[in-house]
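Each of the next two complexes has chain A plus one more chain, namely chain B in the first and chain C in the second.
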Partner chain A sequence: MGLIISAVVIGGGLLWMLYLSIKGQDVDRRIVYVFVGATVALAIIFRLEFGEVATPIVKSVFDKIENLPAGSKIVLSYDFDPAMAPEVNPMANAFIRHILEKKHRLYFMSLWATGQSLLSVSLNDVLKPEFPDAKYGVDYCNLGYKAGNEGVLNVVITNFRKMFPSDANGNSLDSLPMFKDVESLKDMDLLISVGGGKPGVKEWILFAGDPGKVAMAGGSAAVSAPLLYPYWPRQLIGLLGGTKGAAEYEAELIKTYPRFKDKSMPALRMMGPQTMAHVVIIAFIVIGNVAYFRSRKKGGQL
Partner chain B sequence: MDGAVISTWLAALLTLGIMSFVYKDNLYYKICEAIFIGISAGYWFITYFWDSLYRIAWIGVVHEGRYVLLGGVVLGAMMLMRLFGKIGWIARWPLAFIVGATAGLKMMVYFTTNAMAQIHGTVDDTMVAFGGGDLYDLIGRLVILIGTVTGLIYFYFSKEHKGLFGGVAKVGTWFLMITFGASFGYTVMSRMSLLLGRIEFLLTDWLKLVK
Partner chain C sequence: MKQQIPLVLVFVFGVLLAIQYFVPSEPSQRFYEVALDGLTVIGIFAMVLGIWSQIHVGYNKIKRRAEDWQYSVVTLVSMFGMAFCGLSFMGGLNGPIFRQLYNNIFIPIQAAIFSLLAFYIASASYRAFRARSAVSTVLLVAALLLMLRVIPTGPLADPINQIGSWMLMVPNMAAKRAILIGVGLGSVATALKIVLGIERSYLGKD
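Take a look at the complex of A and B:
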């Protein structure tokens, strides 16, 4: 029912704009904005959802975490700010669920000052309520934020303690059991950076993954994803690109672990409105071109 | 009224204020923009103060006796000299240090992992695909190889783009245009995700129209 109502409203609006364009009348840009907003709102209200299947570039990250033996060491770096959070936070939360479900050891850190605050939200909203048995210092730890961008990676690739003498809570790294056999990033089994700016996935590849010869995976805002595809599959085992990549990972997680079906999966929820918005934008491009070519045929000017 | 309700209303009003710019520039938008800039600057200042000045410099030098850190403190202080007209030139020294150190740090890393590893991957994977990969893989590799070579030729300006050379450069232009198009498509997806996040917040957390 929701799909039909949305289709009628959106389709009707697009036909009206096509009619105006053919008649040679201008469509105010504010009408376009309102129309995109209404499309997104309708899709959210009616909860339009489309099935997602993991593509190879996403599946390879999932399989890597899935196939590592229990107790493997994985770094998850929160390299983003609130502006990127709607896109990349679902990825980070999906990684937390998967990694702890597989009983791996999870080392949090951040190269962005804002990442530290967003990490504490994930710890309180996802990790602690969904994995109450996970022990701090044994199953997971939070190293917090360090200023220095790629300079931080350049140090921790040889020695963690030089850059992080203590974790975010002030505990000495030597007092944490999960750091007993960890000297540097080279001792990790997998590095994951979730972000979309600089420093981000690219800096992790250049300054940690490649020089340390450690498997590297990433989650990136869609705007940065095209710049990272060249690193796959040799320097990057896989990449979650934008909301689409996050939704694919969430779908794979639910398929493998149905217990997460009832948990909040924002990327999957956002793909319906996202798809509708994209259809509308494509329609606008078509309408704009129709108007342009009609105008040119008549010898008029736009 | 508890804190969560107040913060939700505050976030909603600020979101609407920023969104009001699509109608036209207005006072409501300017106030929200100023609040955002002020809070961001304050957040970064406090973070850097505690993380760098206090935790690293103060604790490192005063409590742990790591006097080597004083070098960084002095360079940082020299950076502030640009605020004083006559001795502003002193700020050039730490700046020169930063430029030199960053260039040195990045030069070899970019050359080995960004240039050499990428060339190796492009050539090696293509050879492997020719040696026994499936047709889909082979076509993909060929497209990458042709795109790389023709793209490089487009940026070779020592020879005039005419004849066969010009034709190959033209193919490179097409690859570049398709790349820019794909990149722009991803940018649209990214921006749309941000809009989605805000509208979902307004409809779910604020108006409670959706559960």
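Take a look at the complex of A and C:
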């Protein structure tokens, strides 16, 4: 029902704009803004959702985590700020769920100062309530933020303790059982960076994944994802690009572990409004060009 | 002297760090760590300078009642407010007040500003994205196909996905690799010019 109402409202509006454009009338930019706002609002109000299937680039990350033996060591780095968070935070949360569900050991860290606070939100909203049995220092630990960008990676690739003598809570790394057999990043089974800026996935590949010969996966804002494709599939085993990538991962997670169906899966929810917005933008491009060619035929300028 | 000391420092550290990168030994690693600590200290000094500059500009704007001076009041109050709430006796960065401000003000503001892009893109797509020439038509078709790739298109989904993936993996990757190699070579050339003292614009005019 929601989809029909949305289609009627949006379709009617687009036809009206097409009519105005063909007549040669300029559509005010404020009308365009209102139209986009209304489209997104309708998709949110009616909770429009579309099915997602994991593409190979996303599926390969999922399969890697799925096929690692229980107890494998995985680093998850929060390399983003609040502006990127709506797009990439769902990826980080999906990774946390999958990694802990598979009983792997999870090492959190951040190369962005803003990442530490966002990491705390994930710990409080996802990890602690959904995995109450996960023990700090045994199943997961938080190394926190360390200044130095890729320089941090350049050091921890040979020695963790030189850069992180203690975790984010001030505990010595030697006091954490999960650090007993960890000397450097080279001892990890998988490195995951979630971000979209610098330092981010690219720096992790260049300064940790490649020199340490450790499998590397990433999650990135959609705008940065095309920059990372050249590294896939050899230097980067897989990549989650934007909300779409996060939604695909969430869909795969629910398919494999139905218990997560009731949990908050924001990327799948966000794909509805994003899809509608994309449809409208595509329609705008088409309408704009129809008007342009029509005016050119008449010898006018637009 | 004012010119020569920075030039010598840049040359010495530039050459040493370049050598260090290719020497995988314990002393070389230790030298790198010391240099990295120095970088952090310099960063902190730069931050102090940045804070002072922000206060100075904001204060003068408020004092002169310059245009939009109210924004400077908001900036300065927010800056000092957040810094105060992050102090240890207020609970530190994990304290409830700092967390509330961060989660409920900072995060939504940044996300909202970023999301405004959607409106500008929509407006631009209607007004500016026109097939005016062969090149712009190629760009337009590529953009349409990549956007169609992220929306449900029913039976067309598979071919559109394949075309979109090909565009990302072949022409996009070729162009990106070329850019990456170009940027890499350009960075090396610029770094060499700075280390050798040919490029001196970072020293300022004085």
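Just so we're on the same page, the second predicted complex is superposed on the first by the 302 of 302 C-alpha atoms of A that agree within 3 Å, B and C clash if a C-alpha of one lies under 4 Å from a C-alpha of the other, contacts with A are read in each partner's own complex, and residues count from 1 in each chain.
The definition used in the following text is that a residue touches a chain if its C-beta (ideal position, glycine included) is under 8 Å from a C-beta of that chain, and two chains touch if they have at least 3 such contacts.
Just so we're clear, the structure is a prediction, and the values are computed from it rather than from any experiment.
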Which superposed partner A:Ser60 touches (first chain B, second chain C, both, neither): neither
Which of chain B and chain C A:Lys244 touches, first, second, both or neither: both
Chain B versus chain C as contact partner of A:Val27, first or second or both or neither: second
Touched partner set for A:Asn171, first chain B, second chain C, both or neither: neither
Chain B versus chain C as contact partner of A:Ile205, first or second or both or neither: first
Touched partner set for A:Glu150, first chain B, second chain C, both or neither: first
First (chain B), second (chain C), both or neither touched by A:Met270: first
Touching partner for A:Ser295 - first (chain B), second (chain C), both, neither: neither
Chain B and chain C footprints on chain A, overlapping residues: 33, 36-37, 40, 83, 85-86, 147, 151, 154, 226, 230, 244, 274, 277-278, 281
Contact set on chain C toward chain A in their complex: 29, 32-33, 36, 39-40, 43, 93-94, 99, 102-103, 106-111, 113-115, 118-119, 121-123, 125-127, 129-132, 140, 143-144, 147-148, 150-152, 161, 165, 168-169, 172-173, 176-177, 180
Interface residues, chain A side, partner chain B - complex: 30, 33, 36-37, 40-41, 44-45, 47, 83, 85-87, 113-114, 145-147, 150-151, 154, 196, 205-207, 210-211, 221-223, 225-226, 230, 234-235, 241-244, 266, 269-270, 273-274, 277-278, 281
Residues of chain A that touch chain C when the two form their complex: 27, 29, 32-33, 35-37, 40, 50-51, 55, 81-86, 116-118, 120-121, 147-148, 151, 154-155, 158-159, 162, 226-227, 229-230, 244, 274-275, 277-282, 284-285, 287-289, 292-293
Of chain B, residues touching chain A in the complex: 22-23, 43-44, 47-48, 51-52, 105-106, 109-110, 112-114, 117-118, 121, 125, 179, 182-183, 186-200, 203-204, 209-210
